[in-house]
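Going in written order, the chains are labelled A, B, C and D, and every chain counts its residues from 1.
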C-alpha cells in the first residue's frame, strides 16, 4: 500500500513553486516545463521516489495530502489559506461522524478539507448558488475520493438551511449576517458556527446579528502567518508576506 | 443523543474567562465561584441549555469539544495554542486511519487532538520520558474517550523510534534536531514531519539537521493570532496579545 | 557640559522596569524602592556614571531624552507609544522652524516630542479642552525646557483652528472627523495631517470626511512592535506584546 | 514663502505609485508617462496647486518632505522604511544640536533624515567605504540643502571612529558587532547606539558584543507596518505587505 499504483494521483514536486498534480498512467509521458518524465519510472516505486526528466530535472512523487489538493483546486474562488483552514477545522470541533453545513462551496477546497475531517461516518452539506462552481467542486471532490461524504446542494443558503441538528456550520460568503438566523435553527445545542470574511464591515454586521440570537462564546480573530528563511547567516522573516486573508468569527449556539 | 446524560462531561460556560469541565452526576450539586448549581436541572435537557446557580449566575452546558478539553488539561506543560494545533493537524495531512508519532506527550493536549483526527482507524504513538507527565496524559486521554486510539510509550525518542512507515511525526520537545535521523527512518515515503520550537536556535539546529537527510518542502513559519473586539464604535484589535508561542518547521520525507 | 550638574534632571536607571526621573539636589538623599542614594555622589560626575544605594543597588545616571520624559509623563492620558510617535514625527515632515498644530494636549507627551523636533525656530500650537490636563502638560513641558516652543491653547479644536498656513496638524482625540474641515483651512498647501485613532469606526469616519475635502495621499496604517529576547539558546519574540495602540491616518492638503 | 519658486524642487504627485521629484525651471516642459506639463503653470502658484498635462492627467505640486527625498534616493542601497527611520530618530533622542555618527552612508537616505533632525546646530558624521556610494549620497544631501550639517567620511568604521563625545551612533551595515568597541569610545556617557540588521544572526552577534562592554538598556525590536484599505464595505488590511525589513537593537553607554 506504500507503493505508487497505476491510476493514482501523484503530486510531482520540483520545488515549492513548481508542482504538478497528475494521475499516473502506465506507458505514458508527462510533460513539465523542465522536460518530460515517464510514469513507468514511478509506478510500483515507493512514495517519495524521484524521477528525472529528459532534461535532467528531478521531480519527487508525493502522495497528495488534502492541503496539496486544496492548493491545486481552481484558484479563482480560492481565498482560504492553510492557516485559516487548519484553524477552522480545529475550532469547529469536528471529527469522524460530524455533520457539517458549508456555504458557499466555491471550488470545493474547504469542502474537501471538511470531508476529510469527518470521514468515514460524517457528512458535509455544502450550499452553492452558482451551478458552474458546483460542477468544478464536484470534480475536485470526486478526484479526492471524498464524494460519499459530501452532499452538494444547489441553492441560496440565505433563504434557509434544510438540515437540522448539525454539529457545525462554516460560512465563506459575502453576506453571512443574512444566514445567522438559519444557522441557529440548523445547529444542535452547543454547536459551532464560524464565518470567514475579508472585510471588517462584514464582520461587524455578522457579529451584530449573532448578538440578536442565542449564541455565546462569540470571538473574532485573524491569523497572520510569517514564513521564516532559515539559512546560515541569513535567518530572518521573509520580506514579502500575505498581510491579510480574512477575519474568522466563531460562536456557539445555546438553547435557553 | 442530543440530550445531556448522567455521567457525561459538560463544559459549564459562564463567560470566556470562567468555564468548568465537570462530569454530570444525578442528585449532586456543583459549586462554582458564583454559587452552586444542580446537575438534575441539566440532565436530560438539550445541550446548550442554561442553569442558574443559587446566586443567580447563568451557566450554559456545552458538549466539550477537543479544543475545550485541551484548554482544560494540565497547563504546566501546555505551550501549544489552538492556532498552532489547527495548523499542525492540517499540515500533517492526517485523517481517519493515519498513523502518527508524537513526542513529548506532556499533558496529552496535542495527543488528544491527534487521536480525535485519526479515529476510528488510526493510531497515535506518543513518547514521553517523564512517567508522571505520562500518567496525567493517560487520565486526560481516557476522560476524552480516546484511549483506544493512543499508545503511550515511556522512553526517550532521541534514542530511536520503533514504529515504521508512519504517516506523520510531530515533535514538541527541547532538542528536535537529535530526533531527525530517527524520523526519517520512521516515516513512510512522502510522510510529513513537523517540529514546534519556541526559540530560533532550536529552529536553526533542526533545519540544518533536516538538510543532511532526504527531506524536501522544508518550511518554517510562525502563526500570530489577533483577537478583534467587535462592538459599536469600539471595534479594534485587542490591546494585549500573545506575541509568540513558537515556530513550526515542516518537512516531507523522500526516498531517493 | 558632559557632567551632571546640580539642579539638572537625571534618569536614574536600575533596569528597564525601574527608573526614576529626578532633579539632582546637592546635599540631598533620594529614596528608591532599593534603598537611598546621595546626589553628591553623582554631581560633577560624567553622565552614565553609577551610584550605589545604601542597600547595594546600582543605579545609572542618564541624561533624560525626550522619550524618557514621555514615558514619565502622567500616564492616565497616555496612549501613544514610541513606535507611533517616531512615525508621526517622521511622516509629519517637521523639523527646525516648522509650525505644528496639535490636539488634544493631554499630558503633553506628544507636545514635548513635537517641540523637541521643531526647535529652535518652530512652534507647536496645542489645543486642550480640559484645563486640568493642560496644567499637567504645562508642568511637563516646562520641566523639559521646551515652554518657549509651545503655545498652550484652552479650547475645543472641533470649533475651529485660529492658526493659518501651518506645516502640519496632528490629532489624537475622539472625534477627528469633526476637525477635518478646520484642518484644511489651517494647513499650508502641501501640509500634512495625521490622525491617531484606536478604533476602526473613528478611522472610517475620518477618512470619509477627508475624502470630501481637497486632500491627497491619504493612507491609514498601523504599526506593530515586537520585542525580541536575544540570549544564547533563548532567542525569540517576547511572549506577551501590545497588540494594538491605534491607527494612523495621513493626508496632504492640496489647493486646486 | 508659500509659493513655488523657479529653481525649487517639487514633488509632482499623480497617485501613490506615480510621483516625480523635479526642479522647477521657468519656460521648460516636464515629460511624464502621462504627457508633459509646463513649469510656468506652477511657478508663483501656492504649494498644493495642480497642473494638467497635455493628455489631461492632473499632477499636484507638493513641497518635498525629507521622507519624499528618502523615497527618491537611489534605491539600490535602500533598505530602511519610514517606520524604521521614524523609530530610529526618536529612539536616538536627537534634536537641534546633536552630534551623530552614522555608517554606512549608502545613498544618504538616512543621512538626510538625521541631518534634518539635528539642524541647525548639530552635525552628522557619516562613514562609507565605497567612494561611488558616497558620491551619490553627496549629491542627494546637497540637493536637499543639508550639506552644511553633514561631514562625509570615506573609510571603514570597523577600524575606528575618530569623533568623541557624540550623542548617538546609528549603524546599518553587515558587521555591526565589529564596531561596538569603537562606539563605546565615541559615545558620550548616556549616549544612544542603534543597529539595524536584517538577519537574526547579525543581531545575536551584536548583542553578545554589546554585553561585553558597558552598555545598559539593551533592547531588540522589529516594527511591522500594515496598510489598511479604508473604503465603504471594503475596509481591511491590505493583502500584500512587507513582512520584514530588519531588527533594531538599541543600547545606551554607561561609564562606571
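Some notes on this structure:
Going forward, a contact is a pair of C-beta atoms (placed from the backbone, for glycine too) under 8 Å apart; a residue touches a chain by one contact, two chains touch by 3 or more.
None of these values were measured; they are calculated from a predicted model.
Steps from subunit B to subunit C, minimised over paths through touching chains, total 1.
As for how the two copies subunit A and subunit D face one another, over half of their interface residue numbers coincide. Distance from the subunit A centre to the subunit C centre is 47 Å, each centre being the mean of its Cα atoms.
Subunit A and subunit D, compared by their mean Cα positions, are separated by 44 Å.
Subunit B has its Cα centroid 21 Å from the Cα centroid of subunit A.
Of all residues in subunit D, those that touch two or more other chains are 200, 222, 226-227, 232, 235.
Inter-chain contacts, as defined above, occur between A-B, A-D, B-C, C-D.
Against subunit D, the residues of subunit A that register as touching in their complex are 198-202, 222, 226-227, 232-245.
Interface of subunit D with subunit C (complex): residues 2, 13, 16, 46-50, 60-63, 65-68, 82-83, 85-91, 93, 95-96, 113, 116-117, 119-121, 165, 188-192, 200, 203-204, 207-208, 214, 216-217, 219-228, 230, 232, 235, 247, 249, 252-256.
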